[in-house]
Amino acid sequence: MPGMEAKELRVVGFLCNWCSYGGADTAGVSRFKQPTDLRIIRVPCSGRVDPLFVVKAFMEGADGVLVSGCHPRDCHYAEGNFYARRRLEVLKRFLPFMGIDPGRFAYTWVSASEGARWQHVVTDFTAQVHALGSRRTFGEGGAGNAGTR
Amino acid sequence: MKAKRYAYYPGCSQHGTAAEYEVSARAVADKLGITLVEVEDWSCCGSTPAHTVDHVLYGALAARNLALAEQMKLDTMVTPCPSCLIALKSARVMAQDKEHLQELRELIDLPLKGTIEVKSLLQVIFEDIGLEALTAKVKQPLTGLTFAPYYGCILTRPPQLAQFDDAENPVSMDKIIAAVGANAPDFPFKTECCGAAFGLAKRQIVQTLSAKVLAAAEAIAADAIVVACPLCHQNLDLRQEQVNAFRGARSRMPVWYITQVVGLALGFSPHEMGLDKHAVASDAILAKWETHLKEHAQ
Amino acid sequence: MRIGVFVCHCGTNIGGMVDSHQVAEAAKQFPHVVYATDYLYTCSEPGQLQIQTAIKEQSLDGVVVAACSPRMHENTFRRTIERAGLNRYMFDMANIREHCSWIGEDKEANTRKATELVRMAVAKVANHAHLHSSLFDVNKRVLVLGGGVAGMQAALDCADGGLDVILVEKKTSVGGRMAQLDKTFPTVDCSICILGPKMVDVAQHDKIKLYTYAEIDEIKGYVGNYTAKIRKKAPYVDWTKCTGCGLCMEKCPSKQSFDYHNEGIAVTTAINIPFPQAIPKKAKIDPAYCRQFTKGKCGVCAKVCPVKAINYEMEDEIVTEEVGAIIVATGYGLLDIGELGEYGAGRYPDVITGIQYERMLNASGPTQGHVQRPSDGEEPKRVVFISCAGSRDASLGRPYCSNFCCMYIAKQAILTKDHVPGVEVYVFYIDIRSPGKGYEEFTRRAQEEYGVQYIRGRVSRVFPQGKRMMVKGVDTLLGAQMEIEADLVVLGTAATAAPGAQELAEKLRISYDGYGFYMESHPKLRPVETNTSGVFLAGACQGPKDIPASVGQGSAAASKVLALFSKDQLASDPQIALVNERRCIGCFKCQDTCPFGAIEERELRDGQKVAHVIETVCQGCGLCTSTCPPGAIQLQQCTDNQIIAEVEALCQAWKQRS
Amino acid sequence: MPVLADIKEAITRELEGLALVIGWGQGYDPVHAVPFFCRSSADIDRLIWNPLCVHNLVSYLPKLKGKKVGILCKGCDSRSIVQLLQEKLIKREEIVIIGIPCRGVVDMNKIQALINGKEVIDCSFTDKTITIKTSEGKQEASLDDVLAAKCLVCQYPTPIIFDHLAGAAFSAQRPAAAVDAEVKEIEGLDIPARLAHWERELDRCIRCYACRNACPLCVCRDHCAADARDPHWFSQRTGVNEKVMWQIMHALHLAGRCTDCGECERACPMNIPIQRIRRKINKEIKELFAYEAGVNPADTPPLYTFKVEEPTIKESEW
């Protein structure tokens, strides 16, 4: 992969059980090769994803955070992803303000049948995070010295 | 109305075998309020020979022209030739891929974004100008004439690339022909291949395929075939005698460019439209039209 | 806590790309872990016994299995630990197969990833609480959507099993696609002759309540307690009076109405009974063609109806039915042939679809079974069939096989030979797919006994040549271009998802694939279940399939419902939201956002109002938990603390990594 | 009639039916006002109204739910009332609102700089100036020089909702674009510089939660997630991460609710510019959902509702 450091970075994904987690399973069953950086946390619905989980992950040192749910209108719980879309969009616009690079957070929709799409999302997102490198979080390396490690 | 400006990529045929396509295209564009700004220092699109050899070089040949057009700060590039169209569109798609984009940039040594829209002149007339505006400008309708709209094999194909009309049953020329007052019956061979560039290497292929197109046009009692492609025109018009010999026929089927059809209706003379430049003369069809117009006037 | 970790090799599925032993060794160092081991197949009987033994010997109170996806085996292992006396929810899985060994190409990185996934699962289990299901009553009625052969089979099996069945059919008669067919393959039975008795059984069964010409407006509720709003569309005929005598059809002056049953190759009257064997045999007015509706005057049918059943003022009626389970059997649609521009379908009258040809072959069809060219009514001397018209074609977005076309084309080819003496029949095919019982023999018979010419290749274009149609294609076995003049061209058009399938899926909250076919729970092991508890699938709504497969699925879905209803009460899923009343501030933002209306107000003894979750209504999505500012409402098994623990465990691993 | 007299007259009329009226009284010296609960007619004369009345008294209202109370409020404060009504956290019929069109309140830090630690003997105002008499003489300053930053960009000087209006209504005098000026300033920085900015500023945070306690919309009070063990969002470690996490939690819990009253920043003992964090979210919410909190009691906060199609949300193209 071009521009990809050999070193693994710290990437967390919050995936809804019904669509995206299933999509990641489908990708696995189809043996669609993916970068190994991502660690997936299973939640029932993208609506369960409190934006603070994303913030928490960044505070704990994550280099990238990905949230994926069912496509709008396909939510297993009818409306969860509609709320998620609003919350995560606000978060996406807000995080860069606090000094977290816009490329480090993404949310998207992947259905249980979209194994190839999941592979594409993971590969792209991981490459995007690698392009930014590992992240220096607050309090590391002193105030005047902000930037990537 | 303010004229809409397009970057214009004529392609090599327009300056050679298809000079009358060029003349009529420019005249029609002007009349319809389209300003064609020729891309300065344009070069070969790559066309068929290149893409059979090396895809990236093929892309680079076309991409150079895209890059030049992008410098003109216009949002759309238009070309009359379907072969050029596909080459330019392919390069544009290639440029969407980051890796390829880098390769192309290095090969052509020009800044390239790959964002400029590419359309055929037919698409511009059909979509940007529209049938309504076209009808409003018709001065002398081509009533009483029947045309076989022949799109050829690559104007709408592959559909993912062409993004215009129905790939298997296109109707844009049919509708334009109807808009200028002529008939365009269902032409089953509208997207069949004429043999295209095989004219030099394997003439028999052209003869076989073009013979079928000509026969089909005769079967629907067309007065002329209408094309939007310089290569189709070459095979059907210039080689018609060869094809006749091959199929044992005495066909005298005129082959017109769509721009000539539109131009005539917009008030240009047959001479102004270069209709006297074809290998197969258009005397009969023009006479028929004149008679029809006279009858109509009475 | 005392947590045990069991790392599976899954043969070489995991073991080949993850060092499972090393993962188990690393797990021993994690907080709370007192036991860790690896095993070849953890889900096998000895593998499960190993877990049970360890629970007893090591006094484990939590278990982590690192293996395949929890969507695969979470329930298997929950039952395992329950058998060993642990609360079944004191368990979690680390997915080191689908999310790890199968997708990563570097064994070392995979092993590290697996170790971290286990660490996260351990941290989550350390925050698990014992959960207990409660029981709730089941409404033992079943709603069947779709009155085709699959839906009827499901309805009859359920009804014979003693359940009350509500059968909803979109058209005015049950029967579905099979009622349109002339014969069935490979036995060449008369389709309506074998279907008709089933239709009568459905209508006469005292346990089946039939709503035809009806659709679903809304579905609410959950397994055991669904509420369906059914829209009975207005037929403008009072069906309690209509006797199906057909006098109105004889007298109706609007005789150019689209004939849906005959797929548009014939016309019918604006008021009509779709076919003679219709069940129920009731007339309906098509307002798009009826002169009373289009011109505002006519009233002929109202005058001639002997029982005065006509009512032009009739309006749709909404009825509500309460059921405990739903079987979806809404069938399939057919490709809009306008998409096949190269075949001229829709432009040339003598290019027709297989289902249109089926109606033409049918003795009660518009031509009384005579094969005729639609253009001039002449008997064809040569018929060409084109299979895979729109199927197996990625350029049209339909790379899938439509399953039954090869077989019905063989059947129609044979019938053509039977109906028209001396006719020549050609079939263009990509592959002949005849894997059913007796199917291969059948297609062989078509070729060898009936002399149907099979040409392996695709057709590029169909165009008129004089009075006939020219079919231009390629014979890939000869490697030659082919041109065949035909009098009639029949397209084996692609089967698609039924129109409206996606809207219905959204009402039912079930998933569908990229083509609109409904997704089963598991493609191999749970073929008629959906991921929504209490909703089952039967027939071609799940993917194109033929009659025996559809009937089989109808019975399978019925048996699933009967098994579900064999208990009077169901255990609720305790993985639902729970309010900590001491922390609730009574802002009720959870109530505003809950998609299910599962949150009610409860007044505490001091008069303070707090939120309360209605156990059976909550579906466990957790939207409330992420909405609640103080975090007073927590989704059990997926609490804030559990997710935070997972993130923190991962953070610990990251720190050790660098 | 002077505004204060107008206020007092309204209270005199209403007090009998009310448990109390919340207003401002004088604090320990002439430059300090404090919230004052007026319970009887004898208390009325102790009420004051001048640019020292900085507090948003609405913060008291949710706790007083169930009692009928009167409240004095400025334009900015009134938005908090509207927002609380929108979220059904207070009942309209339980409150009597005495609205006061306001030309701005002071920034106590600027006043402190002016008096420079000396004892204050008297403080008086004209329309344009403030005069403070200290033990060492008289200090006069232009009012604009001592006004709180939020007042210099005030868009709602007159209360949006009220039962009595003391004084004449007037519309916004400050340019609307100015509200986002400090947000845009940060947006002008590159990402590492933003990180450095917040690291520098928020490192001063002592997690005293004064910002939360002053916030009229932080209705969780003792149940705030920041203090809880279940959920246990962050530890008691004093790393800057925890401080940032707290500020983001506060801001996100206020997303679509924050009425820009500025109490958080005013209350901050470490003078951290935290209002701009909320303002950034307000700006995005406005852009996304054309929504401003605390303006219309009939609205629903945008994060507690949705549209099936969201034309303004452009998702990543995967």
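To keep things simple, chains are lettered A, B, C and D as they appear, and every chain counts its residues starting from 1.
Methods note: a residue touches a chain if its C-beta (ideal position, glycine included) is under 8 Å from a C-beta of that chain, and two chains touch if they have at least 3 such contacts.
Keep in mind that this is a model prediction, so the values were computed, not measured.
Novice: Which chains contact both chain A and chain C?
Specialist: Expected: D.
Novice: Among all chains, whose Cα centre is located farthest from the one for chain A?
Specialist: B
Novice: Could you quickly compare A-D and B-C and let me know which has more C-beta contacts?
Specialist: Result of the comparison of A-D and B-C: A-D.
Novice: Can you give the whole-Å distance between the Cα centres of chain B and chain C?
Specialist: Here the centre of chain C sits 47 Å away from the centre of chain B.
Novice: As a quick test, compute the distance in whole Å between the mean CA positions of chain A and chain D.
Specialist: Their C-alpha centroids are separated by 35 Å.
Novice: So how far apart, in whole Å, are chain B and chain D when each is placed at the average of its C-alpha atoms?
Specialist: 68
Novice: Would you please write down the residue numbers of chain C that are in contact with two or more other chains?
Specialist: 593, 627, 640, 644
Novice: Residues of chain B that contact two or more other chains, please.
Specialist: Within chain B, no residue contacts more than one other chain.
Novice: What residues in chain A touch two or more of the other chains?
Specialist: Expected reply: 51, 56, 73, 79, 83, 87.
Novice: By the document's touch rule, what are all the touching chain pairs in this structure?
Specialist: Once each pair is checked, the touching ones are A-C, A-D, B-C, C-D.
Novice: Which part of chain B faces chain C closely enough to touch in the complex?
Specialist: Those in contact with chain C are residues 158-160, 166-169, 186, 188-189, 191-192, 216, 219.
Novice: Taking the touch rule as given, give the residues of chain A at its contact with chain C in the complex, in rising order.
Specialist: For chain A paired with chain C, touching residues are 8, 10, 12, 17-19, 21-22, 24-25, 27-29, 31-36, 39-45, 47-51, 53, 56-57, 60-61, 70, 73-80, 83, 87, 111-114, 119.
Novice: List the residues on chain C that touch chain B in their complex, please.
Specialist: Answer in residue numbers: 340-342, 344, 347, 395, 461, 463-466, 470.
Novice: Can you check the complex and tell me which residues of chain C touch chain D?
Specialist: 580, 583-585, 587-589, 592-593, 627, 629-632, 634, 639-641, 644
Novice: Within their complex, state which residues of chain D touch chain A.
Specialist: The contact residues of chain D facing chain A are 183, 186-187, 191-200, 202-203, 233-234, 239-242, 244-245, 248-249, 251-252, 255-256, 277, 280-281, 284-285, 288-289, 302-303, 306-308, 310, 313, 315-316, 318.
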